[in-house]
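Structures follow.
Two complexes follow with subunit A in common, the first pairing it with subunit B and the second with subunit C.
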Partner chain A sequence: MAQPTMDRIDARAKVTGAAKYASDHNLPAMVYGHMVTSTIGNGRIVSMDLSAARAAGGVIEIYTPGNRPAFRGTLPPPLAPVFAEARHPLADSEIHYYGQIVAMVVAETIEQARDAAALIKVTYTALPPKSSFEDAKQNPADPPVTGLPLGQPIKKPQDVDIETALAASQVRVEETYDIPPRHHNMMEPHAAVAAWQNGKLTIYSGTQGPAAHALELATVLGVQPADVHVISPYVGGAFGGKAFTWAPALLAAAAALALARPVKVVTSREQLFTVTGHRAASSQTFGLGTHRDGRLNAIKHHTTSQSIVEDPGYRTTPKYYLAPNVDIRLMVTPDMNLPTATIMRAPGDEAGSFALESAMDELAVRLGMDPIELRMKNYLESTLIEAKPYSSKHLDACYRVGAERFGWSRRSTQPAAVTDGDWQVGLGMSTAILDSGRASTTVRVTFRPNGTATVGCATSDAGTGMWTIMAMTGARALEVPVDRIRPALGDSGLPVAGNNDIYGAVGSAATSTVTPAILVAAKEAIGKLVEHATTAAGSPLVGAGDVRYDGGRLVGAGTSVGFGELLTLTRTAEVGAQGTSAPLDESHAYASYAAHFCEVRVNRWTGDPRLGRFTTVVDAGAILNAKTARNQITGGVLFGLAAAMFEEGKVEGATGRISNANLADYLLPVNADTTEIDVHFLDHPDTRLSPTGARGIGELGTVGAAAAFANAVYNATGKRIRTLPITPDKLLA
Partner chain B sequence: MEEQSRDDEVSRRGFLLTSAAAAGLTAIAEHPRPAVAATAAGAAGAAVVEVALKVNGKARTLSLDPRVTLLDALRERLDLTGTKKGCDRGQCGACTVHVDGRRVLSCLTLAAGVSGKAVITIEGLADGDRLHPVQRAFVECDGLQCGFCTPGQVMSAVALIEEGYAGSEAEIREHMSGNICRCGAYQQIVQAVRMAKEGA
Partner chain C sequence: MRPYTFAAARSVGEALEQARDGSAYLAGGTTLVDLMKLEVISPAHVVDITAVPLRGIRAGAKGLSIGAMERMADVAGHDLVAGPYPMLAEALRQSASPQIRNMATIGGNLLQRTRCGYFRDPATPCNKRSPGSGCSAVDGHNRSHAVLGTSDACVATHPSDLAVALIALDARLSLRGAGGERSLRLADFYRLPGSTPHQENELRPGELITGVAVPALPWARRSTYVKVRDRQSYDFALCSAAVAVNVRGGVIGEARVAAGGVGTRPWRLPAVEQALKGKPMRLETFQAAVEHAADGSRLLSRNAFKPALLRRTIVRALVHLAG
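For the complex of A and B:
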């Protein structure tokens, strides 16, 4: 079946510069806030000399711990206090991490605010910071109990003695895998333009969940959620970093209220590393024990991380392979003098899949078995712990089709056996599994007299293709050409279904959540339209008995009228309805799958590892727009490969300073680092998940990509690198 | 505020800033020097420079704080917000514009330093409703996701095709590597550059 495909409808605005992101809003009488951050990692502020800054031209106000903006409440539970910074900006004089906000200067212009900020002199009492994860992981603690499943031990059977089970296994692997901190580094740093009028806040602030952002702002500012209007039609990248509310938006809103003028706050790239969240470092030990034929007997997965946010055990291990003895545990290193840990694309899944899929590769080497055969020997048809059947799983076909497309059979089973001039060439593979699901959400569909229909939901499009998916699904549900659909998103005034859907575009679930609700809302709206056609004054179908909706027209009594014409005749501005999708069928488990295949070339003299080829075969249910889905997968794969090749937030242990907090020193892949990634979609619609059959894809490419790279590096060189990123120094050592 | 041309006795701060502008730009001597005005008090930051720019074909005159970068002049003074600030230190390419036909990082360029020059931004590329071929190719090849780096990518792509650096995939990748795309739409960007070049 040919997959539908369409150019993104927001592309024109994005290639012409017309798309307005948060900081692109310039309001009359607007002033600029510039944050000042701490230059120690632990201790307290003794004094602040603001005299030079106050005397500088254009300065209006300087907020400090001694002159705090008004915050009246705390971030609403259960998620935000765990995944975002619960402490208010400028709450007190205590310094918890290097780069913490200690002041914000507000001035008439951006230059005045920035340069006055540089004139502030802060005197600190500094204490040695607890900033080294390498040190802290030696003495981890039990995770806090939060009510969330993260951090809770998982055992099978309940009284498992994993060390005994491992010892009883005929073949064993036990290794530790380390991943440094990573930073989202979306191209658009967090920014907000806030303005108050009559006690109501309008704020332009990029977010993945406009309704959650409005609720969080309202709760902290102490106003009603209905009095906060978040506008965020375009988001310059998010990756989990804009799922929750961070200091720049809070400070902009509070300052705008106090000064009675619109305030723009734009985070600098360096500040972004510390005043917003990041992916915490993790250290994972995997013990795998098998029978001689490759069947797993025992899986031990023990992780240490800064907080429960990144729980690779919970997120990864119960979804991959069958084994009778399982022990999964997370330990944490609390109270570190480091910036806040939050979710980042495939939280837990990315780290967990790197460790598990590396360990499986090591096990395959030890068994002398093909890595795909080992995975098929332990194939999971239902979830490992609850034994809940998977709705639709074609991972076996992903392996088969991927191996064929990639030429897996040409792989040398001996490592370091293939060379091409100065380059050692190796092939590796991995599995990607990502839980899928959906929230029950509400969509509004509205017919208008100009012949268009609006499809609206308070979700978000940070580059995912949601604008286009909503238009395409609306067109399908209303049986009209897609150019007659006007999607609406990125606005907290649009509908959501309540508590289980306020977070918008997170967990790769926006498409699976929103599209079935569009079908329900369209049906409701058509019902209202038919009723209108038979009752409204001016309609040619008043009193007709058997009026039906057909392809944008109302048909009955031997006549027909387009909905635009109908509403024009009845002088009605709009007819529409809200519809809420049915709850998820909990009898099955849902996940998306992919098999990744990677070729790596390592220079034998410099140790430089380069990406050669990459193929991924994806089983993610129905693909609703092949063009944007492909981009999501290729971008997702690159996000995961970046962890393998480049990314590392470098924390100086002695100071807690992130020494590479800029885009020249924190390496991201550039165009010349990459290659064409071959993507193939299997396209088996998951109709048990929803009527549209679409599962999640946004994070899927990221999962497992680093392991495919690392396994290819091993195949190329015979060197097993268990600490990311895989840099030349590690390959030359 | 008394405004008076004081080219001959600028404040120390104004002098340093103008020197910095000159040091950052090699071609400045060929162009009219910005007039520096200072208040009688000579307070730091109170100096303004008169800057004349031709932006997207239109003459614009601005009285600017000499610290204003070309990027902030476009975004905050002229409301041309298509050009993006991704890092503000020349490391990401999101702020790429054309100055006298050359690719320039507008965040590292002081507005006063390009007085008298012609600036083309992303807003000036299309011919009315008719997109530039590179813009069309980015739409068709899906050479973007979030779109925040896209103006810079498009401005770089237009220039590199004109400069003759779009001969092969490897050449395109090398010459587009000053523009970071965190969404990772690089292969779609390469396809777009190739398509635009073949159509050019």
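For the complex of A and C:
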């Protein structure tokens, strides 16, 4: 089936610089805040010498714990207090982690603010920090009960004794997989420009959920949510890091209120590592026991992580393979002197899929079985715990088509058997599964006299292609060319349903959530338009009996009129309606699937691993825009491969300092590290999920990518690397 | 960044006149401006030498000369460099990023400061940045740090790829200062850290590098620069090797071998060169020759892989030249 494809409608604005991101906004009389962060990991501030900073040119105010802004409330439950920093910036003199905000200088220019900040001398009483995850994971604790499913044990059957079940299995593997902390490092740092007028806050701040951001700001600032207007049309990458509200936006808003001047706060790259969230380190032990024919008998998945945010067991293991005995649990290392953990692209899924899909590869080796065959032996047709049937699952076809495209049959089953000059070559594969759902949300569709129609929702486009999908879906629903649709998003004044839907573009569910609501809203708006055509003074169709909407025109009584012309004739500025999508059909489970295939080349002398080829075959429901969908998958795959090859927040156990908190030392892949990524979509619309049939894509490429790489490294070298990232030194020995 | 005064020089003479205590020359700016923004260095006076005509890439009977203000990208792509001295061009092309190579100069490259993360963070002790404050790397994150030429005061790696290739080629520096002109082997220019890691080289106050001279070495056409790093661009070497061989009838007559990423300065390996001499150009020779390449290494908590990596990087380069 030919998939629709369209260039991003916002591409030109972005590449020409016309698209204004949060920090691009400059308001009259605006001043600049620059944060100062702690240089100890645990202890308290004894004194702060602000004299030199106060004397520096242009300084207006210096906020410290001694004159902190009056934050009145806490982050609203249930998600924000768990997934973001619950402690207010500058709340007191206690230091909980290295890089914690201890002051913010406000000055007339950014340079003055930054230079004055460097003159502040802070004296601390330092205590030994509890910052080493390596140490802390030796003594983990039970997770807190939060009301969220994260952290809660999963057992099948309820009284399973997993060690006995593993021991009774004919073939077993049990290994531990370690993943270091990881930081979002989106291109656009957290930044906010805040201005108050008549008790109302307008704030330009990049966010995944404008309505949630407004609610969180309002709650902490102690004002009504309706009095906070978040404007965020363009977001320079988010990956979960902009799902919740962080200190820079709170400080900008509070300082702007106190000073009665607009305030801009831009987080430095170094500060992003500590004043915003990150993916916590995790250590996962996987035990897999099978019958000799490869059928799984027991799955043990025990994880230790900094907090419940990163729960690979809950997120991953119940979705992948059938087994009668299952024991999944999470332990945490509470009260660590580390920055706050939050959700990061495929939270739990990335870590879990690395461990599970590595363990499955190890099991395949142990069984002498092809890795795909082993996966097909344990194929899930319904969910592992609730036994709920999957709505539309073509993972088996992903394996089949992917193996064919990639040339899987040419893989040597013996590791370290294939060389090409100085390079050892290996092939690996993995499964990617991502829960797919959707929220019931609200969209407004509005017809205008200039012949355009607005399609608006308080969702977000963090580079995902949402602007374009909304335009395309609006065009389809209103039967007009796409250039007559004006999408609107990234504004807390736009409609959105309640509940968790205020979080906007999270969980790879923006397209599956918003597009069905566009269809509903379009139908409602067309109804209003027809009514208008038959009743409004000036309409050529007043009183006509059988008026219908057809391709942007109102047709009836032997005549027809375009909606723009109609509204012009009736002198009406707009006619429109809101529509809310139906709740999800809970009778089935929904997920997106992919089979990843990876070729890795490892230098036989120096051990440096390189990406050779990558193929992924994706079953993500209907593909609404092949171009942006492909872009999402390739970006996601590279995101996952970056974890395999490079990314690691390096925490000094003795100080709590992140030693590579900058983009020179925290390695992200560059073009030289990647290759053409072959993406193939199966395109089976999931019409039970929604009328548009689209499931989640964004995080899917990330899931499993690191395992495919690690499995290929094993095939190339015979070395099984269970601690990410896979760097040359680990392959030298 | 701290306040400073600024002057632009149009000639070497003007530059030398402008130099004073606490001044710094600004060439490509890729190191100086970076470190000023971090407040790792805060010169009181900056002398812009971008208009000083220290240009030209010339070849003669004695060898190659390169003006200190030539840009890395221009040198890397020059016929007089890439053909006769592949290791030079390869070292430059594997340095930094295209954007930096378009700005950074040859003189500046040789004076770039270490990438030790503690040197670059004024919140941490560092003897090189703040003499006597201590070395954070010894017990800190030291995976990228040196194993050769280190001291208790400093274990920082010299970051330049170009310098490794130039050391292998016995290059000389031309220097101009208040006392006139002088010339120095690059190998003698860099100091070991000892107890004074803040004194990195023999440059005298106000002295300016005016050019680099590479002696003629016809057999350097058979040379290469192998750089092992975590990512394939814009990353410093975990280990690198600049290797040239003069092979006649399958036998190595002479060899040049220098290494980067492992030493506190670019590290020439004369013992490896000697061990290759007169031996057949084959793997057994290479493996025997590198056996003692990393002798004298002082290992830190996270860089114990470096001696093996050094040996293997040299072998990889030799295998490449044999192929």
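Points to keep in mind about this one:
In the analysis below, the second predicted complex is superposed on the first by the 733 of 733 C-alpha atoms of A that agree within 3 Å, B and C clash if a C-alpha of one lies under 4 Å from a C-alpha of the other, contacts with A are read in each partner's own complex, and residues count from 1 in each chain.
The working rule: a contact is a pair of C-beta atoms (placed from the backbone, for glycine too) under 8 Å apart; a residue touches a chain by one contact, two chains touch by 3 or more.
If you're wondering where the values come from, they're calculated on a predicted model, not measured in any experiment.
In the overlay built on the shared chain, the residue A:R657 is in contact with subunit C alone; subunit B does not reach it. After overlaying the two complexes on the shared chain, residue contacts for A:M645 are found with subunit C alone; subunit B is out of touch.
In the superposition on chain A, contact is made by A:W605 with subunit C only, not with subunit B. Contact comparison for subunit A: of subunit B and subunit C, B touches the greater number of residues. Once the two complexes are laid over each other on the shared chain, residue contacts for A:D729 go to subunit C alone; subunit B is not touched.
When the two structures are aligned on the shared chain, A:T687 is found in touch with neither subunit B nor subunit C. Contacts of A:P189 after superposition on the shared chain: subunit B is touched, whereas subunit C is not. Looking at the shared chain after the overlay, A:K14 reaches subunit B, while subunit C stays out of its contact range.
In the superposition on chain A, contact of A:T125 is made with neither subunit B nor subunit C. Legend: residue contacts after superposition of the two complexes on their common chain; A:D115 is shown touching both subunit B and subunit C. Common to the subunit B and subunit C contact sets on subunit A are residues 111, 115, 664, 669-673.
Put simply, subunit A touches subunit C in their complex at residues 39, 111, 114-115, 118, 421-422, 603, 605-608, 610, 645-646, 650, 652, 654, 657, 659-660, 664-665, 667, 669-673, 725, 727-729, 732-733. Put simply, subunit B touches subunit A in their complex at residues 43-46, 65, 67-68, 72, 75-76, 79-89, 91-92, 94, 121-123, 125-126, 131, 135, 138-140, 142, 144-151, 154, 170, 172-174, 176-190.
Those residues of subunit A that touch subunit B in the complex are listed here as 7-8, 10-21, 23-24, 26, 56-58, 109-112, 115, 184-189, 234-239, 266, 268-269, 462-465, 627-628, 630-632, 634-639, 662-664, 668-677.
For subunit C in complex with subunit A, the touching residues are 1-2, 39, 115, 117, 123-124, 139-141, 143, 226, 228-235, 238-239, 305, 308-309, 312-313, 315-316, 319-320, 323.
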